[in-house]
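You will see chain A twice below: alongside chain B first, and alongside chain C after that.
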Partner chain A sequence: MNIVVFIKQVPDVPNIRIDEQRMTIIREGVESIINPLDCVALQAALELREREGGRITVLSMGPPQSEEALREALAAGADKAILLTDSAFAGADTLATSHVLARAVSKLRPFPDLLLCGMQTIDSDTGHVGPQIAEELDLPQVCGVNEIHVDGDLLVLKRLSEGFLDTIRAPLPALLTVSKELCPVSDLSLGAVEAAFTQKDIIRWAAHDLGLHPDEVGLAGSATHVRKLRQPAARTGGRIVTGSPQSIVDALIRKLESMSILDEED
Partner chain B sequence: MSKSFGDVWIFGDYRDYFQNRITLQLIAKGKDLAEMLNTGTTVVLLGEQVHQYAMEYVAHGANTVMVAEHPKLKEYEVETYTTLLSQWVKSYRPEIFIAGATSFGREFFPRLAKRLRTGLSADCVDLEVDPKSLLLVQTTPAFGGELLAEVVTPDRRPQMATVHPGVFRELPHNSEAVGRIIYPDVDVFPEPRVKVIRSRPPIKGKVSLEDASVVIAGGMGLRSKEQFELLYELAELLEGEVGATRPAILSGWADEERLLGQTGKSVKAKLVISIGTSGALQFTTGIQGAETVIAINRDPDAPVFRIVDLGLVADAAAVLPILIETLRRRL
Partner chain C sequence: MHLEPSMKQAVIRRTVRKFAEKRLAPAAIEMDRTGRFPWDIAKEMAGLQYFGLEIPAQYGGAGLDTISYAIVIEEISRVNAAMGLCVAVHNGVSASPVYVFGTEKQRELFLVPMAAGKKIGTFCLTEPNAGSDASSLETNAIREGNEYILNGNKVFVTNGGISGINLIFAGIQTGEKGKKFSVCIVESEREGLEKGPTEELMGMRGNPVCPIALHDCRIPLENLLGGEGEGLKIALTTLNGGRIGIAAQALGIAQGSFDVSIKYAKERNQFGRSISEFGAIKDFLADIATRIEAARLLIYRASDMKDKGLNHVRESAMAKVYASEVAVAAARMGVQIHGGYGYTKAYPIERFYRDAKVCEIYEGTSEVQRMVIAKSLLNE
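So, the complex of A and B:
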């Protein structure tokens, strides 16, 4: 079974800081990591290869330093890594990102059986890229998968949807996005890091390698534009009360009464 | 300028109707947007025997409900819904198309946007029509909610967004409201490739944080398991549920199913009382959907106070016994 895993390098969000003047993210000093759910996808791919055989290709679109993420994936056991990098790709929204990724997949021979994405990234948080790759490649998709069984050329999957536990049947090839429940990520073993640096090469494809015109990728190929970034407004009207424990309790009780959670006492 | 705009469309998401009010919330917001554009609000409703929902949507403010009734539309199914709705969009040309950021909304809207070659923003927390450009300004969280991005779709149509449940208020039910309910032709559908073979309803175990109307959330400021357990008494007195921060769960004070936050559950309670939690963003994303948030923390500078309606600067160990005692006397 040939599997493609889409991985994105993201800033380690819980540690980012914000340049309040310019309303941008300060990336200096912030580690870059593989999007956590993409690690889950990779781990699942490794387990599937163990059972079913086949090869794992990792694909990433990003600036040249995304190579680190691909090296890590190779170190963890991926067979082949392709970096889609080109200055024309910058500023892509999900429509343009999925276009580049889908085009890269369509160049792979043989065409993969299974395509795995994270359910969403921690930087852009959209969860759009997976379904949009599936649409462009005319593949069936299932999002938020937390169990994968392969039965010949059929997949039997489980996922939670609004609290319902769905059991789903899908044919191969298919694209799945994975949730964190799929498998625990034992820190992807980096023991082989050095080997990965020396032994396996990363393939690089730019726009022209994919037969893509600069107008259909990056900012130019995007349908959406970010007009402005701002910080969330603090909730307003918040009242801060200090005082003795008894007066604090009184303030709380009055609030519960005003919300009709408690009946007023006469 | 006499540009005329297509309608504002809303995806009619009726699964779990009485709990899930997202469609009604979107109708209310859609009316504001439509007014700015001098156009109407249309709900598109797909399913089998869904007429009752069409009536509800009119009563909650929709000008038009477009219904597709067919046994093959009974299950929410990404490819079938994408195909049908992309055909409708091409014939009717809505200016804006929004859906709730429910599991299904987040699964099929990206596919639909892609087929229509248009933009989509995810899980928006605000939508406005810019009075100058008349573009839809879609406010969406980025970087785990650290920042909000204002996104626009300048050239392509429709302008599409999924919307976080609970950010807009539904309009009251008005049985006198009038609206059109129309049944456009629907094509035959190919067999879906993906099939839900079984769908087990949520096991409503003892803990259903998502549905609780009062949630007591506890963090490391409670200091010990014994202290944490006072929260169950408090929850019982207020007919609520207990939730916890990640470190509290790691300390073994509560089970994983009580985890609140980015990697846990999100509540839409009427009231959250958050006790001894610092208010890290990964945690507050789980409680921000509540109507009212009260926090108790002894540090007046704790970040949690930035998101509260009422902040109580106090030692939880001193306050909790008095609070429980006071409530017990009153009930």
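So, the complex of A and C:
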């Protein structure tokens, strides 16, 4: 089973900070990591390869320094890494990102059996990219899976949705996005990290390698445009009201009235 | 001049930090309290090649460069100095000389299980009457047929309680008075090798440091590392590299002390404000951070010189003496920032303080390092 895992490099911060003037994420002084759910997807791929055989290709679209994320994926055990990098890709929205990723997949020979994405990223968090790749490649998609079984040419998948546990059968090839419950991620061995940097290669594809016109990619190929960006106001801790139930209710009602949320007549 | 870590070194640091915070940080308190070595965690580390850091892949090691090696030791020591000590001594002064000075057969026999973490290594130089002055070593070896017979007492053996392979520095008797200072590889199960009780240490309590006695302990001639009389060369070469490991360990303790202290400073309020707003606390933080950065650069420079095959005696000694004094200072200021709570076991800073001190003592005291540095300056 040949598997593609999509890897996005993201800033490693609990709260990203943004440059409101330039409308971008501030990356200076912030370490970059593989989007955590993409590590889960890669781990799942490693386990499937163990059982089913085949090869794992990791794909990432990003600036040249995304090489680090791909090398880490090679250290974890991926067979092949492709970096989609071109200054024309800059400023891509989720649609333009998916377009480039889908095109790269369609160049792979043989065409992969399974495509795995994280369910969402920790920086932009849209969850669009996986489904959009599937749409563009006209593949079945299942999002947020937390169990994967292969049964002949069928996938048997589980996912949690709104309190239900869905069991879904899907044909191959298919695209799945994974949730963190799928599997725990193994630690990297230090020798594997060393080898990933000294003995492995990264394949680089630019727009022209993918037969993409500059108008279809990056900012130019984006359907959405950022008009304005601002940091949400920091949450100030709430006030804790204490006392007897009656006095608490009274205090809350007075507060709501003072904020004109409740009418005094009511 | 590159003063930034490479992409690989950044990934190494992140990889180790993640593992250390998940597995080693929670174990540190228990190790300190009970003195018990966590074999389960060590086995996991063995699988991730922490016991063959600089050993080439053909012997099962990770094949890291020295800066990466220093980063690994720093990150482990940042949360668990006793485990940092175990890894630094095993790799830096035990597996490394077996690789550098060992024959192909010795590498197969001893290095492969060491790199796999199946046998933990020691470096046994110190004796009751030979500390800073290693030349007054009393352990001796007499050749008899195909064997050496060893007698003597080694003390303060780091990893002693858990070791499988021990490098014993001994004088091989030649004629009436002559002695050839040499290194013998002695497996722990050899008859005549006896481990004493674990020392009750002030810090580094998770590492079973103990004496090792040798009574008519017989080893085959093939267990001699390097030639007869090569002990001094092996000791000096090994300690030059080893000091980088101890310096990195000290750096980790300093960084760990700093990290918990700045966090505490931000959280603790007095006089209606965070104590981090007081000038005195800011001075502590600025001072520690500056010294940590200086120590780190000294260590990377010594490491880089080692990798380039340059003489790094002075640079290793500078890194070791400076980093260990920074560790002690950082832990001391850290306790001060924590106030009374810093003097309790409720916070890890008191352990850092106890752990830090020995960095100024082992693998050559600070006084000895200064002698080494001064000698290299004056001889130029």
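By definition in this document, the second predicted complex is superposed on the first by the 216 of 266 C-alpha atoms of A that agree within 3 Å, B and C clash if a C-alpha of one lies under 4 Å from a C-alpha of the other, contacts with A are read in each partner's own complex, and residues count from 1 in each chain.
Heads up, the rule we're going with is that contacts are C-beta pairs under 8 Å (C-beta built on N, C-alpha and C of every residue); 3 or more make two chains touch, one makes a residue touch a chain.
Quick caveat, the model's predicted, so the values are computed rather than measured.
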Give one of first, second, both or neither to describe whether A:A75 is in contact with chain B, with chain C, with both, or with none.
-> second
Which partner does A:E147 contact after superposing on A: first (chain B), second (chain C), both, neither?
-> neither
Can A:T242 be said to touch chain B (first), chain C (second), both, or neither?
-> first
Is A:K255 in contact with chain B, with chain C, with both, or with neither (first, second, both, neither)?
-> first
Partner chain(s) touched by A:E216 [first = chain B, second = chain C, both, neither] | neither
Could you look at A:E181 and tell me whether it touches chain B, chain C, both or neither (first, second, both, neither)?
-> neither
Which parts of chain A are touched by chain B and by chain C alike?
-> none
Sort out for me which residues of chain C touch chain A in the complex.
-> 6-8, 10-12, 14-16, 18-19, 44, 47-50, 52-53, 57, 61-64, 68, 72
Chain A residues within the chain B interface of the complex = 11, 13-14, 16, 18, 23, 25, 93-95, 98, 122-132, 134-136, 140-144, 160-171, 174, 180, 222-232, 234-235, 237-243, 245-246, 248-249, 251-253, 255-256, 259, 261-262, 265
Which of the residues in chain B end up touching chain A in this complex?
-> 15-16, 20, 78-79, 82, 102-104, 106-108, 110-111, 113-115, 117-123, 137-138, 140-156, 193-202, 210, 214, 238, 263, 270-271, 273, 281-282, 292-294, 296, 300, 305-315, 318-319, 322-323, 326-327, 330
Contact footprint of chain C on chain A as seen in their complex = 31, 33, 65, 67-68, 71-72, 75, 187-191, 193-198
